[in-house]
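The following blocks contain the structures, represented as structure tokens.
Common to both upcoming complexes is subunit A, partnered first by subunit B, then by subunit C.
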Partner chain A sequence: MIWQLDLILLIFLVITALISLRVRDLLGASMVFGIYSFLICLLWAGMGAVDVAFTEAAVGAGVSTVILVATVYHTRRVTGGHKRASGMKLLSLLLMLVLGGVLLHASGDFPALGDPTSPANNHPVAQYYIEGSYQDTKVPNLVTSVLADYRGYDTLFETVVVFVAGIGILAVIGVPTARMRREEVCGDTAQFGEDSDLIILQTCRLVVPVLQLFALYVIAHGHHSPGGGFQGGVLFGASYILLALSGGLREALRRLSESMSFRLAACGIVIYAGFGLLCMALGSSFLDYAILDSILPGGVAKARSHSMLIVEAGVGFTVTTILFVIYANLATRGKLEGGL
Partner chain B sequence: MELLTLTAQFEWILGKSNYWASTVLLLIGLHAMISKNNLIKKLIGMSIFQTGIILFYVSAGAKHGAQIPIVHYGHDSHESHDKAAHAAEHAADAGQQVAEAAAPAANHAADATHTLGETLYANPLPHVLMLTAIVVGVATLGLALAMVQKVYAAYGSIEEDEVLDAIADSTADSTADNTVDSTVDRTVKGTPEA
Partner chain C sequence: MSLFFDLLSGSMMITGLVFFVGTVTGMLRFPDFYTRMHAGGKGDTLSTILILLGAAIHVFEDFFYDPLQWGVLLVMVKILAIAAFIMLTSPTSTHALMRAGFEDAHEADETVVDKDQDGPSLEELQSGTWEERS
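For the complex of A and B:
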């Protein structure tokens, strides 16, 4: 942690947050919010939270910005002045003063930043994860082993939440009749990216395969370096979004259709939960991978390591496909044709 | 003496700066969610609120001079740990049964030297909790944006007051046929307050 960098980033964070909320142009606000995400990801990387920073870089600075821009494109770009009386604003300011006063007062009792002996860092559970998890699982990345093994329930249901969000988007803006029409339209094969810019098209054709390969590497190598199912899944989903942005949504949907997306997303959860049930079937508790050493090679620790890889792959399936579904629906107002 | 207290004060401020920043971001986000008129601005406020909370958690898990939470195995670990690893490798070469016998011994040797005691690692627990929160955050943002598009399709606006007016108008229209004008006035006036 370099305190000078830390301070500069904090100041810029507050400034970009204020700008993104002040700007009248909503497209500009979305872009400034992307910068905000990127700054906060630098801040987290500086504090040693590399996995969090990786996720934020892919999600906040990448996918969030794209779906915000998609919504601005389909609604209104400029927000008007406030016609209504600012009674709500006054009430809010009053609330902020009270809440801010309480929080700032409470911060006087917090341990200093970066204190290794603070209660949060000295808690037996956190200590155990640092000292014991490598012996238990032979996975060097402590975040991965805690995420996929010790707190497997948590991660399973977070994945379910992502899946449910995908279903929710379908329920909110999906247009069934337009979808059926699209199935018919898809019969005639349009040229890949016929109305796109040549330079953008060729660049994306080069970037997309590398991006997908990197995403697979991030999932597979999450045991030894920052990464894992969430980060790799977001990157893989981003590769399809890039394809849709450059060559048209139809082209991307031809490679990964929406129904296929939902099947794969469900597959991901079935892989994860099914692995937990397999542990139960072998006579242990749900998601207790240690029992699997009878069917996986390399002893108890290696069995837990391999199991983590499999559940991370399940997470990757769900996150990849649901992110693409979110983009595809938001970019077309649920019609799945046209696009940005 | 004077200088010393100044340095101490400065360090105290540095120790709190992240918590203060997270508080400020939290307040900015919450204020935007309550008082902004535009729905997309409200959602940006929600995301800023969320990052304020994540910043708080990550700051709580930070340690001065700590490594990132990825164990250095095989590089700077102790000798006996290396030996144990060697033993395990040899055993693996020798055959499955021997490996099973040697594995507990190797683990025990590593335990005894407490290989992780020397290097300070950042607390991985807040990282795990916040990592999943970010991905769930983008999913909820997507769902909320879908609702914004639906609102725009239904009322032709994403400004809160215009949407409320449109809702009031549509209720007024449906009741206008069989009610007196005073009812309509009350509906139109009453809704923005609610």
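For the complex of A and C:
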């Protein structure tokens, strides 16, 4: 890690954060926010948290910018013109300053980055993960084994949170009547990207399959390199969003309809939780993959490794489809017609 | 031979940086939206690809001296794949932006408009009022 580079990145981070707050044009603000996410991603990569950096690059800098732009497109583009700061704003500014000061003060007590004697690195659990993970699971990427095996509960409920987010967005802005009408509209065979630009269309046609293949690689190769269900799922969802952006939302929905999305999303969670229940059925505790040794080939450690792959695939299903549903609903105000 | 690789990759990266400086200068100094995008699209693509190629050559050097390091070659292939991806997507995104600006009726700066030209003006093209004279 090079501290000069980190310093520059941190300075830019603060600058972009301030700009995204100051800019009146919300479209510009969301783009600056994308830059902010990307800078954070670089910082995390510099700290060695490559998995987190990957997620931030895919979600923060990529998809969430698109989702923010879609939202701004349907709401007001400029923030309300309060020329003078109201009392409430001043109060919150004061609170923020106090809070920030306290946090800044407390940050002096942090152990140095990578300090081997820090409590986090000395905890017996962390020690166990670092030393025993490979023998236990035969997965070289510690992050994946901790995420999908040792702390499988967390990941299961994270996936459920993603699913609930999709349902929430549908509940808030979904339009039931237009939804039914759309099912008929989708029946006709309109040409792919009739009214879109040829160059953009062809490039996206080239890129989308590669992107989807890469997403599958990220899910499957998460055991050995940064990646996994969340990152791969986001990439896969992004490929559908790209399809919707270039060739029209209707075409993307023809390939992955909303009802099918929700079915697949639920499938993902059923795969994950069902795998946990399978462990229970075989006489062990929930999500204790070691017992699956009797079904899966290759010994206890390999059984855990394979279980992780299946669980990650479940996460991938949910994340992919929910991201696409969120985009499709936000871009059309829940009507699922037209789009950006 | 090591010097050869270092010089090659170093010069590529430095050329890339020079083009980046050109890109930034163009984005800041050019008079209107279209010329700025022109600078951004061309310079950004070329400089990114040059820097990536420099990195790929730098990685290839390790493989050159020890051909048993297949992992290193894989890294190089990945870098080249990124370069190919940039080459495809960066001009396309510039085109998309330019197109959006065109449809949003962005005006061209008068210093870059060729007034003697017989063709249509930008406004005529944008509003669709221009018809080709036979």
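The rule is simple: the second predicted complex is superposed on the first by the 336 of 340 C-alpha atoms of A that agree within 3 Å, B and C clash if a C-alpha of one lies under 4 Å from a C-alpha of the other, contacts with A are read in each partner's own complex, and residues count from 1 in each chain.
Criterion: a contact is a pair of C-beta atoms (placed from the backbone, for glycine too) under 8 Å apart; a residue touches a chain by one contact, two chains touch by 3 or more.
The shown structure was predicted, so the numbers you read here are calculated from the model rather than taken from an experiment.
Peer 1: Mind working out whether A:101 is in touch with subunit B, subunit C, both or neither, as first, second, both or neither?
Peer 2: Neither subunit B nor subunit C is touched by A:101.
Peer 1: Using the touch criterion from the header, give the chain among subunit B and subunit C with more contacted residues in subunit A.
Peer 2: B
Peer 1: Quick check for you: in the superposed arrangement, does A:199 touch first (subunit B), second (subunit C), both or neither?
Peer 2: In the superposed model, A:199 contacts subunit C only, not subunit B.
Peer 1: For A:209, is the partner it touches subunit B (first), subunit C (second), both, or none of the two (neither)?
Peer 2: Touch status of A:209: no partner.
Peer 1: In their shared complex, at which residues does subunit B touch subunit A?
Peer 2: 11-12, 14-21, 23-32, 34-38, 40-41, 43-45, 47-48, 51, 54-55, 58-64, 66-73, 99-100, 103, 107, 110-111, 114, 116-117, 120-132, 134-143, 145-150, 152-153, 157-159, 161, 192
Peer 1: Give the list of subunit C residues in touch with subunit A in this complex.
Peer 2: That would be residues 85, 88-89, 92, 95-96, 99 of subunit C.
Peer 1: In the complex, go through subunit A and note every residue touching subunit C.
Peer 2: Listed in rising order, the residues of subunit A that touch subunit C are 197, 199-200, 203, 206-207, 210.
Peer 1: In the complex formed with subunit B, which residues of subunit A make contact?
Peer 2: Its residues touching subunit B are 1, 3, 6-7, 10, 13-14, 17-18, 20-21, 26, 29-30, 33, 36-37, 40, 43-44, 47-52, 55-56, 59-60, 63-64, 67-68, 70-72, 74-76, 79-80, 82-84, 86, 88-89, 91-93, 95-96, 99-100, 103-104, 107-108, 110-116, 118, 120-121, 123, 125-126, 129-131, 134-135, 140-143, 146-147, 151, 154-155, 158, 161-162, 165-166, 168-169, 172-173, 224-226, 230, 234, 299, 301, 319, 322-323, 326, 329-330, 333-334.
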